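Each of the two complexes below includes chain A, the first together with chain B, the second together with chain C.
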Partner chain A sequence: MEKATVVVIGGGATGLGILRDLSMRGVKALLVEKNDLVNGASSRYHGLLHSGGRYAVKDQEAAKECIIENQIMRKIGKSCVEPCGGMFTRLDIDDEAYEEAWVKGCADSGIEATPITLDEAFKLEPRLSRKHVKSAYLVPDAAVDGFRMSWQLIDSSKRYGGQVKTYTEVIGFDTVNGELRGVKVRNQFTGEEYEIGCDIAVNAAGGWAAFVGKLAGVEIGVQPDKGTLIAFNQRIVNHVVNRLHKSSDGDIFVPHGSITILGTSSMSVPSPEDTSTSREEVESLIKIGEQTFEDLRDFRILRTFAGSRPLYIPPGGAIGRSASRGFAIVDHEQDGLKGLFTIVGGKFTTFRLMAEKMCNQICTKLNNTTPCRTAEEPLVEEVPQADKDRAKKFFPSYGVNLAATRLGVERFKKVVERLESEPESRELVCECENVTRAEVEEICKEDTSFIVNDVRRRTRIGMGTCQGNFCALRAAAVFADTGVESTAKDSLTRMKEFLQGRWKGIRPVLLGRTLRETEMTRAIYELSMAINNAQGGMNNAKNNS
Partner chain B sequence: MKVFDVIVIGGGLSGFMSAAVAANRGQRVALLTYGSGSLPLASGAIDFLNAEAPDAAIKNLPAHHPYKKIGLKNIDAAAKFFCDVTAQADLPYNGNLSAQIPIVTAVGTLKYSCLVPESMDASKLADKKKIFVAGIKGLKDFYAAMIIDNLKKYFPDKIFEAATLDLNLLGGRDITCMDAAQLLTGNEQIFADGLKKLNATEDDVIIIPPILGLEGNSSRAAVKSQLRAEIFETTCLPPSPPGIRLQRAFIKYLQKSGVKIFENSKVVRGVVEGKKITGVVVENAVREKIFPARKIILATGGFYSGGITMRDFDNPIEPIFNLPVFFTTGAENWSNENLFGDKPQGFSMTGIFTDANLNPIDEDGKILFENLHVVGANLGGCDKIFERSAGGIAIASAYKGATL
Partner chain C sequence: MSDIKAIFTGDRCLSCTACMANCPVMAAVKEYRGPKLVGPAHGRMHFSQEDVEESLNYCSNCKSCDRACPSGVAVSTLNMLQRAEYYKKHEHLRHEDMLAHGERMAKLIRKIPFGATFSNIGMSLGKTLGVFSALGLAGERNMPAYAATAFKDYFPRIKQTAVNKKIVMFTGCYINDNEPQVGEAFIKVMNANGCEVLIDKQFKCCGSPLVVTGFLDEARQHADNNVARILDWKRQGIPVVTPCTSCSLMLKEEYHELFGEDQFHEAAENVYDAFEFLEMLQERGEFNDNLKPLNQKFLYHVPCHLKSQAIGLPAQNILEEIGGVEVKTADAGCCGISGNYGFRKDKYEISMKIGAKLFERVKKKDFDKVISDCGTCRMQIHHGTEIKPVHPIEILAQAY
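For the complex of A and B:
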């Protein structure tokens, strides 16, 4: 039987943070995730590294945690953070008294909030509404790439012996006399069921934590709360732009590279699997957003997406003060199950802190006294400039840095070597995001790549302007050639599901230039590639006559 | 400026076809184009309908379907005229409206079309023993292994062999089919020599990317004559050489027929006199210019080509004449949950409705302009991609619009 000291359940930021922390303390840890990594709220959010400003009035403890973790993230995850800064703007319709409370809250929480004149604000953010914006402050917000940071967390964990199994769903717990012996899992592709022996398991399944709890017979109060976001195809803002009012829907704009994310809504949903978005949600977000940026409708929307925040509800209570810190740790020994913990709630900005607190408790149980070092040690080593310089022959320099941080030192070096020695590996699989075949092949070979979407999350293929029109075919073919035998060979299914994944986010915003792109996708894949004709010879034509 | 008999707006398949038919009937024709048209995106084959015998199936379509307004006689005549145009440009097409011809796609499925460039006609595939799939080193978008994996499912008993020819073509980073077709024009011998090394016999066939030149059939003839095996081209990602060959075949025909082609001509509005349009206004960088005409053919395409645009939900617009656009209302009907599903997409049925003369009509069926005819992808009422009728509707409506 496979064994680990600790099995971590859930491949979001929290779970990955725990895996890294435990591995660094010398604890043999293995993470299982039922889907691909960061498939839940850790990637389905606006990518804001909070300064804490947003919590300065409502929850100063959270605000203090944010500003401390914000500084730590900039240090340990340097290449994943875009230090664009943040701006809070109060509009004419917003409460002036709140502004006063907010300024005081920031000061009390240790968040530097610098007032600026409106002229300065309009200079820094030329698209701000001259009509509505009444005051502005600068805060140390930043943008953070949840995908890249997560891969770096894995690389860091692996360096210390941490293991990851994706598409591996927990289906039960093995207990003897109220003591945990192992976790039963199922491989999502092969259906194979087996057990992983362990002393401790951590339920870090986010929105799915209640389902995992149920398998162990314990009740966990978690309410999935769906947030819908819009990705615009341009950089509309230079800073993270927040509304200076009581936190609400659609009041944050975050710039990421060449796009901008507007979010978010908040809606209780029965299942965290519900990541659907609708035309109405989009319309309502835009309506709020255009109060701050009046010309918002002139920008092309790339797609929409949604994720579920795992809101913690303590036993016997509604969401109260005890939940306001954002996260909670439950030792299920209190429920008569020794060895199982649940950690739930929280936000991406503070995932490291959550992991640290969780691991402190675990290590106490394990009599492990190694201190936590996750706040000091960078996630990954920096890619040597010499390797970047070599890569510049094949990439624009913007692409070099992105690829370097996506791939990390060793993979990047391998990719650059291939680019140098094999000219055909330089072909761009994805022109929009500048991803070469050498990089795609390298990622296809990873043990977490089972479908083309997994390769997409790692490389950014299909995430740009054309949303997969051209790279779907190429990526499916490269994957068929280099990916894992069990799933990669079915290239047409992989291609279809990749494009279908893009379609999900396009449907609610199917207008303007997106209609044009969609008709192009259909013309290519339905007409030129006859993707619906797979296998059946003339059957398809016959059936529809 | 002299009055044209016919002004055609749009440089895609339906615009070219309209201009060609009108010129063939002795009329003074101007073709106004803006952008590169949709042919570089096209497979090169002309699909009529997803049915074993499209001509029979067309009879059963509902009355509002564009084909019903065009009529089978015109559809038939359009197919013949089309083949005549392409034959004159040494770009022979095979097929007719009562059967479908298979083409191997770039992903290894079989696509079926009524009119197929001879270079892509894979009818004989079924009779062959061995199938070579030959890519070229450095050419992107052609993956022999994937093509074989998928093609095998249609032909499990055949022998397949993948090959990669090293033709030393790799110049920059990305060689597309379009680049390769350009590079091989005049250098066909390199390719022929590469293919000869496969030692394919009369019992074999070689499937290749569509790189046999960008004009006519001469590149193909030069290669084919040296081989014992048949060669078939696949489809490819855009830009597509077979689509470009078709574009060039039409341009050649139009030039020969005296059609005045005005490129970069963005038509912004019509000159309206009651129920007639007496000319169109073209905008370029410095000024506006009026092109007077007795008859206008609107071949500006659908959402893809910008013949119909939609900035706000539930408000599609025909930007030149502001014709009423019919569309599916409601978010739930606008699109299907599956991108590639088993039913038409609501948004793709958006378009202009016409009477039997292809004159645009309003909601009450009243004709809006007597001398304006709407052809091609901006005709509403069917999802041309789903039912695979885009090419057929383009040439057939163009034929009718130009002969009225």
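For the complex of A and C:
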């Protein structure tokens, strides 16, 4: 039987943070995730690395945690963080008294909030509403790439012996006399069921924590709280732009790589699997957004997406916006199950701190006295400038740094070598996000790449303007050649599920340019390639002959 | 937000690749990554790092991409804006400076007695001695010869009857400095149509050669100057008409795409291509159709920058009013020279490769004359076939 000292359940930022922390302390840890990594709230969010400004009035403890972790993330996750800075803007319709409380809250929480003149604000953010914006402050917000951060967490964990199994769902716990012996899992592709022996298991399943708890017979108060976001095709803002008012829907704009994300809403939903979005939600977000950016409707929407915040609800606690964004650790020994922990709640910005606190408790149990080092050691080494310079010759322009941060030192080196020696590998699979065939092939070969969407999350293929229109076919073809044989051989299914994933986020925004784009996609795949009746077509041909 | 300014049009791109399929430069040189990538796609990436797309250099600004685009993306202008960004951090080469400033050069030469004659001798000597090649210019080409007298200086000597209906001629550098006979033909035609032609000496070069070589700030100065003049004429109810298609495109469309100011739009409403203007007179029943029959067949190379104006083929329409005239379009794509593009040493071969189809068509010689509204197109056809084309207005002038 496979064995680990600790099994971490859930491949979100929290779980990955725990895997890394434990591995660095020399604890043999294995992470299981029923889907691909960061498939829940850790990627389905606005990509904001909080300065804490958003919590400065309501929850100063969270605010203080944010500003400390913000600085740590910039240091250890340098290539995941875009230090674009943040701006808080109060509009004419917002409460002036709140501004006063906020300035004081920031000062008390140790968040540097620098007032700037409106002229400066409009210079920094030319698209801000001259009509509505009344005051502005700069804060040390930043944008953070949840995908990239998670892959780097794995790379870091693996260096210290950490293991990861994706598409591996927990289906039960093996306990003897109230003591945990192992975790029962099922491989999502093969259906194979087996047990992984362990002393301790950590339920870090986020929105799914209650389901995992149920398998062990323990109750966990977690309320999935759906937040819907809109991705725009361009950089509309240069900074993270927040509304200076009591936190509400649609009041954060984050420049995120080549796009801008506007979010979010807050809606209690029965299931964390509910990542649906609707035209009404989009409309309501835009309505609020255009108070800050009057010409918002002129910008093309790429897609919408939604994720569920796993809000921790202590017995009798509030839900929705009033629920705490803090986190909780539960030792289920109190429920009569020794060896199982649950960690729930919190936010992406503070995932490292959450992991540290969780691991401190685990290590106490394990009599491991190694101190936590996750705040000091960078996640990955930086790609040497010499490698980047060499890469420039073969990479598309504007592509070197992005690819270097996505791939990390070793993979980047391999990709550059391929580009050097095989000119045909220089062709672009994804023209919108500038992704070369060499990079896609490299990622297809990874042991976590089972479907094309897994490759998408790591390379950004299909995440740009055309939303998979041109790269779906190419990516599925490359995957068929270089991916895991068991799943890659069904290339038509792989391509369809990839396109369906893209369309899911497009359907609620089928308007204007987005609609035109989608009609072209439909024409290419449904008419020219007839992907939905290719089989039938062939059968018909057979019948006729 | 003005949706028409080029930088905002990138958002409309569907990535459909129509621009790449229609790009004559891509067909000629595989190193060019193409309009879609270099324009709208990279437009989304500029924030990510300081970088340069080397192959942007290949874009000739022929605007085939803009015409192919089903979504109205000003692809070529996005490229030109990006080129200007490049030159904010890089020095211009000497030949780029020369090619961008033809107007300045012509003025200098004319300050010397017999300057034009000497410089023409100098230019043919320069070609023989390989001086141009050393400067980075295409040594294979004849440099456009200077006319002894600039058209604007010669203009007052042309006798016109003063009438109420007046138009202002925007001569364009090439007609002013190199082919004043086209200007003369223009005046003859306009006079025959009851218009008195005025010249505005305050007009500067339209700026097209500046834009394509990345002198955007200077082009902006020209735009501000010219637009102020055009608006001044507009207030007096006098239209500005030009026989140069690249000039008219610049005045009508590119100023606004590049700089996005509303008054550029307003000015554009007062600018007409020569034959567009004549066609308008025709629609109003004011066109003088008292034309002598010519009995000639013409092969018409339609300049890219005329196609971009989306006004049809007014020259063909008007010339076919002349008895016995048959106008066949060459339908052979871009000639390849695209303003000063083909004059660069490193672009000469590309330019000739692009033009090959047209040259072949012209060499069939199933016509009496080749016509084309654009000065550099005419030079390219002459260079590629040794058949000298003329401006269609010269043909029309013969019929009056």
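We take it that the second predicted complex is superposed on the first by the 521 of 545 C-alpha atoms of A that agree within 3 Å, B and C clash if a C-alpha of one lies under 4 Å from a C-alpha of the other, contacts with A are read in each partner's own complex, and residues count from 1 in each chain.
Heads up, the rule we're going with is that a contact is a pair of C-beta atoms (placed from the backbone, for glycine too) under 8 Å apart; a residue touches a chain by one contact, two chains touch by 3 or more.
It should be emphasised that the depicted structure is a prediction, and the values quoted were computed from it without experimental measurement.
Counting the residues of chain A touched by each of chain B and chain C gives the higher count for B. In the superposition on chain A, contact of A:F470 is made with both chain B and chain C. In the superposition on chain A, A:M520 contacts both chain B and chain C.
When both complexes are overlaid on chain A, the residue A:D295 reaches chain C alone and has no touch with chain B.
Of the two partner chains, neither chain B nor chain C is touched by A:F189. When both complexes are overlaid on chain A, the residue A:R235 reaches chain C alone and has no touch with chain B. Looking at the shared chain after the overlay, A:N401 reaches chain C, while chain B stays out of its contact range. Shared-chain residue A:N532: touches chain B; no touch with chain C.
Residues 428, 470, 516, 520 of chain A contact both chain B in one complex and chain C in the other. If you check the complex, the residues on chain B that touch chain A are 41-43, 47, 50-53, 57, 100, 105-107, 109-112, 137-138, 140-141, 143, 145-146, 149-150, 153-154, 170, 173-175, 235-238, 240, 302-304, 306, 309-313, 331, 334-335, 337-340, 345, 347-348, 385-388, 390.
Across the complex, chain A meets chain B through its residues 278-280, 283, 297, 394, 423-424, 426-428, 437, 470, 473-474, 476-478, 480-481, 489, 491-492, 495-496, 499-500, 503, 507-508, 510-512, 515-516, 518-535, 537-538, 540-542, 544-545. Those residues of chain A that touch chain C in the complex are listed here as 127, 233-235, 238, 255, 257-259, 295, 298-300, 396-402, 428, 431-432, 434, 464-466, 469-470, 513, 516-517, 520. Contact residues on chain C toward chain A in their complex (touch as defined above): 1, 3, 8, 10-17, 33, 36-37, 40-49, 51-54, 71.
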